[in-house]
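Below you'll find the structure I mean.
The letters A, B, C and D name the chains in turn, as written, and every chain counts its residues from 1.
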Amino acid sequence: MAGKLTTAAEAAALISDGDTVALQSMATFTAPMTMVRELIRQERRDLTLVCLVGGIPVDMLAAAGCLSRFIGAAVSMEQFGLCNQFRKAVERGDIVFEELSETALLARLGAAARGLPFQITRGLLATDLIDLQPDNLRVIDDPFGGGGSVVACRALAPDVALVHAHRADEQGNVQMDPTALWPDIRVFPKASRRVIVTVEEIVDGDRIRTEPDRVVLPSFAVDAVVHAPYGAHPTSCFPRYGYDADFHRGWTGAARDPDAARAFLDEHVRGPASHEAYLDGVGGVRRLSSLERLASA
Amino acid sequence: MAGKLTTAAEAAALISDGDTVALQSMATFTAPMTMVRELIRQERRDLTLVCLVGGIPVDMLAAAGCLSRFIGAAVSMEQFGLCNQFRKAVERGDIVFEELSETALLARLGAAARGLPFQITRGLLATDLIDLQPDNLRVIDDPFGGGGSVVACRALAPDVALVHAHRADEQGNVQMDPTALWPDIRVFPKASRRVIVTVEEIVDGDRIRTEPDRVVLPSFAVDAVVHAPYGAHPTSCFPRYGYDADFHRGWTGAARDPDAARAFLDEHVRGPASHEAYLDGVGGVRRLSSLERLASA
Amino acid sequence: MSAPDYTVDELMIARVARVFENGDQVVNGMASFVPVCAYMLARRTHAPDLVWLAGAVGLDPRPQRVPASTLESDLWRDSVAYVEQYEDFWSYALNGRWLTKFMVRGAQIDMYGNANNSAVGPDYHRPKVRLPGTAGMGDMGSIGKRLFYWSSTHDPRTFVERVDWISCAGHLGGGDERARLGLEGGPELVVSNLAVMDFAPESKRMRIRTVHPGVTVEQVQEATGFPLLVADDLGETPAPTAEEVRLIREEIDPDGTRKTEFR
Amino acid sequence: MSAPDYTVDELMIARVARVFENGDQVVNGMASFVPVCAYMLARRTHAPDLVWLAGAVGLDPRPQRVPASTLESDLWRDSVAYVEQYEDFWSYALNGRWLTKFMVRGAQIDMYGNANNSAVGPDYHRPKVRLPGTAGMGDMGSIGKRLFYWSSTHDPRTFVERVDWISCAGHLGGGDERARLGLEGGPELVVSNLAVMDFAPESKRMRIRTVHPGVTVEQVQEATGFPLLVADDLGETPAPTAEEVRLIREEIDPDGTRKTEFR
């Protein structure tokens, strides 16, 4: 089978201006930050981002002017605040926020994953959020009677999914060590037309075969694999390393002001000539080791 | 937490005549045979059985007169034939076969698991099977237009689910070693009102905690745990033991004739005074060891 | 025996803990220190078998102490199970048999127990303040859960007459509107930093049940953006016991992380 | 170079193998020795990167030889992944991007490529013969898959004018009926123990493309319960090569398990 190993820069070429990008992200949990930084460097524009809960990658992409739309359930960096650059852009009307409850978002993506025009949920019933999206959400009756009303959620098929995982082989069999499995890795890739995976390590297929039940994405569902150790930094990658609290605080401090945010992105995203240079710039081995200690504490 | 450990006989008391029983089963793959034998011994009647693919347990339950209805996608013991006792009962009209494609069955059970009145599939469209079940299947249109027709599948909530797994703790956290995970263990229990699990071994909770990602059922979703080593015999329980081909051949030979089938059930199901006596009766340690060798060959 | 000294966070945690019993299953989301401390307290006191799904991931974890995040792996260390979320957690949550009580916090809560975490202001698309988003509350309000609010900011900005946008369905317009729409469950209790409130049986209007020690009904009303009902049997919120305070301070949250909610 | 001696099972396996190419993903169900041998042969010859999901469970397994069951763990030993079926396999199968070619066998196949694995006889509820059931074919016929039939029993009992019950949607009543209903894909090829048939472009009626060496069109017609069309460029099914036969006999299925389909 043709190997799928490529670089972040080449993988990002699979993403065009105007694309809908499904992005793995929770408040501070694993996000494919190497690819996020690459999109900022390559100045992608007019992206629609799909997240369950957007954290720092959403704020950075918003600050860099990459986004015109966000589809998801929440945006927050939890203890590090509310993603001010993103929030201000929504308040200005520069980014459209298509807000969905978790089950409604998952129903839309699950429908695309399964080739269905829609799936249903009882979430969102009687909220104000349904009428805000008549093209995507519609209240329908149980055709068998007796079951009451449900919300039909129209299929949402992103152009590309970006996820980060522990390891893969060159064919694209992607494996996770025991950890939280959020919907962003369980259904985002299946719903999307192309899938780009960054991983902590590239291994031989025989290593994957020792734990076949821990493969989260089979080779045929993966288009590109990028080797990116610490590729989730500054988000966490349990059980390998924790989130970088200092980096998050540095960003939230900078993100209060557009100029400071730009300077921060220049220093940590646009400036470093390589992934290794980025890691050196955020504190190098010393910092990364301390994050590893956090994860194994 | 109150322990859930009980005996097969006591667990079977959770099942009443007339109940709908979701039964783990593939052609020869893992089925909770200890509980199946107990239902035959206790002479349950008028059961509706829900299987993805029914194998020897379905044929034995049919032969013993326990069944009035079968809901599922197929009944077959693969190399060992078509489940003649079951088949004859359907041909006589004694057992109603509510036949569903795999996705239609899973949509019905998934709807119950998720508290939805129905779920949809595109499976079965244009077949003759939809019109045979107007109460359970109905063709509806995509409410957003453009998506064409889909089949709404009414929720199916069995009274009880029976499954067999590798291990559990006394609280009912159920774990599987790496193996095939069929829908019968992934969705049958969630859809059912009560869940009975037989396991190869009972372990301390700390053993479960070493592989938290391999728990297939959390304690709160399990009502009863029965210790049943070799509890899937004569079906397989990979990676512990293979299916018992000789036993299957013995049954298919007997099942050509109602009297022979009754004698077989007397010998191997109604006769043995205990699970251990059953295992001795089918060949004891010598046979079981040879099945283990098959699994690890 | 009530504690000689305690702070309002400890009082709220002790009060919230009493909501949960053996046999319940509970879950927490992000930045949920009051619920997490309350679950941990309940498990150490009257409800040792309370089933806790930390972060909707880790079943019955053994965290050493409350960490800085309630949606990170530190919280679900040493779990007996990691529950995959897309298929497993949501089936358990949507089914109706499990996780029947759900704790919610809203940037706005109104007199009928509707909550808003979406947007402040009349123009949803150009909001005065874009809030984080509905996340799971947009589901939990509609699928029959019994809702329990907590708020560390009892003020007229949080407790508003009508939320700008209903992103969590409470009692809607009050009365039997919720029931007429076929929705089960709904808001039962609000535990704030000033008082404990429920919803009157007929009107479904928010009603003071107990005021915290040292707080008057008038102070609660003044901090609320709509007229509150007052229960006939109005009482005082019980102070936490000395043992409860000790557990919170010494075992559950020695770092005082819970206080980040009370800045 | 064709093999000096071969049996019809080997000819069918070699012919079926040519259906699949690098980049395809394929799956097998139970008692599917012709497809399994064909996948294993294709992977050893022209399509080394054919992705095989053995038993809809094991991805790219390394079975030592074809076992007695094609739905048991012996088939998916040493897989690179175990694909969970309820959420994962079915998403990959239903999505439309993967697993686009599907092999089917029916107890009855009709002139428009509809198949029946449900019941024989006009009364579904009191059938003359209760067949095993529709299983996955009730899905695969309706969700846009390209269908490839195999049959080791080319006789008028299997090849019937109209199936008693359509449990796998083929070209339905023929012509454009399938397209009018919005169904994509559909039956493309039938590889039997006598001939290879496709479906005429307009009428969608079954049509002989090649007859196996030593078989005449008349013999095929005689074994068929409806009038077959005959392709203008009718030819002979290529015999398997010596190397194909060697691979099947020595590496893939030294136990001859495939022959259980040809009893």
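Everything below uses one rule, namely that a contact is a pair of C-beta atoms (placed from the backbone, for glycine too) under 8 Å apart; a residue touches a chain by one contact, two chains touch by 3 or more.
All of these numbers come straight from a predicted model, not from anything done at the bench.
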Applying the touch definition from the top, give me the chains sitting in contact with each of chain A and chain C. B, D
Go through B-C and B-D and name the pair with more C-beta contacts between its chains. B-D
Whole-angstrom distance, CA centroid of chain A to CA centroid of chain D, is 40
Note: chain D sits from chain B at a C-alpha centroid distance in Å of 28
Quick one: report the Å distance separating chain C from chain D, using the average Cα coordinate of each chain. 57
What are the residue numbers in chain D that touch two or more other chains? 58, 82, 86-87, 90, 94, 143
Out of chain A, which residues touch more than one other chain, so two or more? 110, 115-116, 121-122, 148, 178-179, 181, 186-187, 212-213
Counting only chain pairs that touch, give me the topology of the graph as line, ring, star, complete or other. complete
Under the touch definition given earlier, write down the residues of chain B that touch chain D in their complex. 26-29, 53, 72-76, 78-79, 82, 87, 90-93, 96-97, 99-104, 106, 110, 121-129, 132, 148-149, 178-183, 186-187, 236, 238-239, 242-243, 245, 295, 297
In the complex with chain D, residue positions of chain C that touch it: 86-87
Chain C contact footprint on chain B (complex, rising order): 1-2, 110, 113-116, 169, 171, 173, 186-187, 190, 193, 205, 208-209, 212-213, 215, 218-221
In the complex formed with chain A, which residues of chain B make contact? 115-122, 135, 138, 140, 142-144, 146-148, 150, 152, 154-155, 178-179, 181, 211-214
In the complex, chain C touches chain B at residues 25, 48-49, 51, 58-60, 78-83, 87-88, 90-92, 94-98, 143-144
